[in-house]
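Both of the next two complexes hold chain A, though its partner changes from chain B to chain C.
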Partner chain A sequence: MSYHFAIIGTQDNPLFEYEFGTSKQGGDGQARFSEQAHHLNQFVLHSSLDIVEEVQWTNGQLYLKVIDKFFTNYISCFITAGNVKFLLLHQPTATATAPGGGGSSTTTRSSTSVGANPTSPQTEEAIKNFFAEVYDNYVKAVMSPFYRVNMEIRSPVFRQRVAAAGRKYL
Partner chain B sequence: MAHLGPGKAASSKEQAGLRYPSNGKTIYHRPLNRTKTAELSQSSFAYLFSEMVTYAQRRVTGIQELEKRLNLQGHPIGLKLLDLLLTREPPRSQTRPLTIIALLHFIKINLWTHLFGRQADRLEKSSDPDAPDEYMIVDNEPLVNAYISVPREMSQLNCAAFVAGIIEGVCDGAMFPARVTAHSVGGKEEGEMWPGKTVFLVKFQPEVLEREALIGKG
Partner chain C sequence: MASSKASRLGEEVWKTRMDKVNAELVVLTYGTIVAQLCKDFDSDYVEVNKQLDKMGYNIGLRLIEDYLAKSNTVRRCSNFRETAEMIAKVGFKIFLNITPTITNWTSDGKQFSLVFDENPFADFVELPDDGRAQDELWYSNILCGVLRGALEMVQMQVEAHFVSDVLRGNDTTEMRVSLIRYIDDELPPEDD
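Right, the complex of A and B next:
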């Protein structure tokens, strides 16, 4: 399972990006995206913004769950009060069952693991916790008197905190 | 620079010259929730606010321009408070305001309680059929004006334009772009109950009403 996390500002401008892999089930926390996927991921994430803008007015929740899917890439979204979007692209590893069809033996074995089944309640909950922790830290970043809305977040402490949240929940 | 904190070896190079707090604590180490009783001294606020007004006044020629500057000083505060106040809500009621009414309630209750320790006094919709985009938030006794005496020749001025800026920041941040202005409406005669009564006139952009109508249908 590999993740690509991005914070998108109100003008659809990226504020922060971070790639990581799962730390559950003996994962080493490294992203396993292919060489070209790095650019494709950014493209996929940004293309889902259109859907976010549709969904955000029908649902007042901050966490909008999985809103978009591009082949095996699932995109979860969290939208802050200030209309800044947190997008998480998650890509189950090839060994996990392909969604929809696939071997039943792998399904039963991996359905309990976070991420193997991108739309399961467990995964939704794990991602929700991840977003909530990042949101806490984002609000702290916003509260800094030197930060203005839509500025890039460069703080190494923020990056460490996002990494820690990723290790903890995903 | 407190928000940057100690960097790792890799990143410390590019940040050479920045100073870090000696205890290593950054803004990320501080809690988001504050105890309910945490209040600031009103006299120190009044002192700072009078300096802000003086600062703005030195650089303008007219009252409108002065109010505009006060408004701009408040705007970023509103943007920041929107996120902060929503995170302080209990998780169950943590929802983004989707309608004008929900947003104004959030301002009247949450924002006002946070800033002034009480709710705003009234919320009104303009009764003028030509202005369905106008809403009013009424404060009988704005805290910011407590120690401000406006000279007679500037009677148009209301320094609560600063608070109007905060409200505007909240509205803009929540994707309800609006113009917010502060107006004194208290009577001048003797025995008036609320001589400092101020109305914050919130005028939403047409696209907000358009969206509101669409959401109402769906």
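Right, the complex of A and C next:
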């Protein structure tokens, strides 16, 4: 399972990006995207913004769950009260070979892991928790007096905390 | 005055006589001031420190009056150690609800450090990562000015500066205060 997380500002401008892999079921937390996918991911994420705009007014929730799918890429969205979008692209590992370990029980492991089934309630819940924690830290980052609206988030502390949230829930 | 007595006085005045404001209002207001100064002086942090100190000085000159009225202190501190106690346990307590620790006295009793375990100005703050702010900006420098201004009004000339700040990645936030001299009452120039 690989993840690409992005925060998109109100002008549809990227504020923050982070790629990581699953840490559950023996994952090593490294993203396993192919070489070309890095750029494709950005493209896929941004193209889903149209759908976000359609969906965002249909329910009063901040967490919009999986809103878009592009081949094996699933996109979950969380929208803040200030109309800043958190987008998470998740891609289940295509083959049964688990990253790093490669033991005999990989098939069963990956089938029970969070995200193996991107639309299951467990995955939704895990991503929701991840978003909630990131939101919490995002608010703190934005409260810094040296931050301006729609400015790129460069804070290393924030990056660490996103990484920690990723390790914890995904 | 014994230090426990100072603590009690600070606690009592804080509870009974002080108006309170929302902490986040303070954080954001002060943060905005500092950020705006940084912008106005084009990230000349040395100048920003000076400006903050100056603003603090002007606050201190007037704040001492409020301090004396609220704390009902009528007599002078007998020595500089007592002054330090009153600053930390009454002054900081009633205005900011913090009690910095007094340490590192020099043997002549004229210099001490205030170590801030918490700094209500610095919540949420991350210094700009332009490579200079971490080394040059003293974010809470206004406090130095406040002490300097307030003590000047009660006949003490002091020098105060920060020596470390957790915002810069140091382990503690420490302010060094040194007594330069007691200002003697000067007679007005004779009127011939």
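FYI, the second predicted complex is superposed on the first by the 153 of 170 C-alpha atoms of A that agree within 3 Å, B and C clash if a C-alpha of one lies under 4 Å from a C-alpha of the other, contacts with A are read in each partner's own complex, and residues count from 1 in each chain.
The criterion applied here is as follows: a contact is a pair of C-beta atoms (placed from the backbone, for glycine too) under 8 Å apart; a residue touches a chain by one contact, two chains touch by 3 or more.
Values in this document were obtained by computation on a predicted structure and should not be read as measured data.
When both complexes are superposed on chain A, chain B and chain C clash. In the overlay built on the shared chain, the residue A:G60 is in contact with chain B alone; chain C does not reach it. Look at A:K140: by the touch rule set out above, it reaches both chain B and chain C. When the two structures are aligned on the shared chain, A:S155 is found in touch with chain B and with chain C.
Once the two complexes are overlaid on the shared chain, A:G82 sits against chain B while remaining clear of chain C. Residue contacts after overlaying the shared chain place A:A163 against neither chain B nor chain C. Considering which of chain B and chain C touches more of chain A, the answer is B. On chain A, the patch touched by chain B and the patch touched by chain C overlap at residues 140-141, 143-144, 146, 154-157.
Chain contact summary for the complex, chain C toward chain A: residues 24, 27-28, 30-32, 34-35, 38, 123-129. On the chain A side of its complex with chain C, the touching residues are 140-141, 143-146, 154-157. Interface of chain A with chain B (complex): residues 56-58, 60-62, 79-83, 135-144, 146-149, 154-158, 161. Contacts from chain B toward chain A in the complex involve residues 1-8, 11, 26-28, 30, 32, 76, 79-80, 82-87, 94-98, 102, 173-175, 211, 215, 218.
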